[in-house]
Amino acid sequence: MTSVYEFSPRYLEIDQQGVMFNGWYLTYVDEAMTHFIEARGVPFSRWQELGVDVQLAHADLDWKAGIGFGDKVQVPVRTARIGTKSFTLEFEFRRGEEVACAVSVVYVVVAADGSGSTAIPPEIAAAIE
Amino acid sequence: MTSVYEFSPRYLEIDQQGVMFNGWYLTYVDEAMTHFIEARGVPFSRWQELGVDVQLAHADLDWKAGIGFGDKVQVPVRTARIGTKSFTLEFEFRRGEEVACAVSVVYVVVAADGSGSTAIPPEIAAAIE
Amino acid sequence: MTSVYEFSPRYLEIDQQGVMFNGWYLTYVDEAMTHFIEARGVPFSRWQELGVDVQLAHADLDWKAGIGFGDKVQVPVRTARIGTKSFTLEFEFRRGEEVACAVSVVYVVVAADGSGSTAIPPEIAAAIE
Amino acid sequence: MTSVYEFSPRYLEIDQQGVMFNGWYLTYVDEAMTHFIEARGVPFSRWQELGVDVQLAHADLDWKAGIGFGDKVQVPVRTARIGTKSFTLEFEFRRGEEVACAVSVVYVVVAADGSGSTAIPPEIAAAIE
């Protein structure tokens, strides 16, 4: 089951080439990830209650096309891997059938007290599976 | 020979985790790339005169640590590969000897008239080598 | 009749004081203005057909409170004044009855050909009245 | 005595009208303000030691012209008023003699413990006078 986040780029995000500037993709990935965990019943407030937070360890972006002003973009999110202390989500920036950009992000779960990486709480692992 | 771009993150770029938000890295990569081609004698105005522009095809970011407010960051840039129509640059976000994030970007050269990818002009290939 | 634009701030827009950074307000004003003219039947594509564009001449922001992560914000937009070549819109950033920030913006209508300020087309003046 | 902050807009900050998007002005005001208090010997770390922080109460922006990519911009900062709990700074976005935008900001000093507005510490008042 995938979660789909939807958006249209803001005017300010369109650059002189007439497409959404590349730096905004990870911003939308962040929005889509937040939407994804909420849809799965484990919003960030729940992660905080469980004493954990999350950090990006790796991101991989693969562009096929640009996104223009007014475009309606869907971002399906799927879980590619769940490890002991990290997990990988995959995002597609779609206009209908066309994938403008495919993104893969490795997230590391860290203790909220700053003591470093820690095991994914079973409740979260089950929710995002 | 490498070109080194330097910056300190802006207050607004620091998030609730106390580090520079991940989406700003590609923004600084863009600044560092602009600085790099200027240092090599082929600023974007020269690319325009040669009838070409550049687009990101792929970006790969690998985080080791976060960057905080007030940190002085150096971003050395080096050319990893020059192909016929694309080239790869590597960036490191450094605080002294520590590499907080390593980024690799594949750029595709496109015709400024919108007709698609095109060969890297020899003048540019020689400059960024 | 007012048009109401709604949003929740993005994670990256929250600063170290735990509130939406002040620079993002004008970004949301831009979104709310775009939403407003679309709701009134004169989207930017229509302005372009009429040969005009719009620029900010003045903005006035008055903060009463901050906006936090997760807040649901309504931004009603109303027309305060329509002149010959400029008009003024007023925006409120509201959480229910509380106004966190009140913004007033003077927009100048300019010719799309770069020749400077020009009269507001009657169709647009009637639509945003 | 004024403090002058200097910058050139980033590529991503230039919009489809070919000028720096209006939302970025307050971001540069923030940078210029940080630079100003550092130049006066009271960086934010000193404010924190004194138990105070600062919030924007009012901002007023007056545009005369746009700022383009590659423009070298100077932002002189001067203190217009120092009250008991608030002070006003004035910023100009200059290209040589031309003022592209004049900004006035009212800052309110607040207790770092969240208890609300408080008197400006004498050390800070003397420094920014």
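In this document, chain identifiers A, B, C and D correspond to the written order of the chains, with residue numbering beginning at 1 in each.
Keep this in mind: a contact is a pair of C-beta atoms (placed from the backbone, for glycine too) under 8 Å apart; a residue touches a chain by one contact, two chains touch by 3 or more.
As the structure is a computational prediction, the values presented were derived from the model and not from experiment.
K.L.:
What chains touch subunit A and also subunit B?
P.N.:
The shared contacts of subunit A and subunit B, listed by label, come to C, D.
K.L.:
If you average the CA coordinates per chain, which chain's centre is most distant from that of subunit C?
P.N.:
It is B.
K.L.:
Working from the CA atoms, figure out how many degrees subunit C turns to land on subunit D, in steps of 5.
P.N.:
Rounded to the nearest 5 degrees, it is 180.
K.L.:
Distance-wise, how many Å sit between the C-alpha centres of subunit C and subunit D, to the nearest whole number?
P.N.:
One centre to the other, that is 23 Å.
K.L.:
Just the number, please: Cα centre separation of subunit A and subunit C in whole Å.
P.N.:
29
K.L.:
Suppose each chain is reduced to the average of its Cα coordinates; what separation in Å results between subunit B and subunit C?
P.N.:
Going by mean C-alpha positions, subunit B sits 34 Å from subunit C.
K.L.:
Please output the residue numbers of subunit D that touch at least 2 other chains, ranges allowed.
P.N.:
Expected reply: 11-12, 21, 23, 27, 30.
K.L.:
Touching residues of subunit A toward subunit C in the complex: what are they?
P.N.:
Where subunit A meets subunit C, its residues are 10-12, 27, 30-31, 34.
K.L.:
Which residues, counting only subunit D, touch subunit C once they are in their complex?
P.N.:
The touching residues are 17, 21-27, 30, 53, 55-63, 66.
K.L.:
Quick check on the complex: what are the subunit B residues that touch subunit C?
P.N.:
Contact set of subunit B toward subunit C: 11-12, 14-16, 18, 21, 23, 69.
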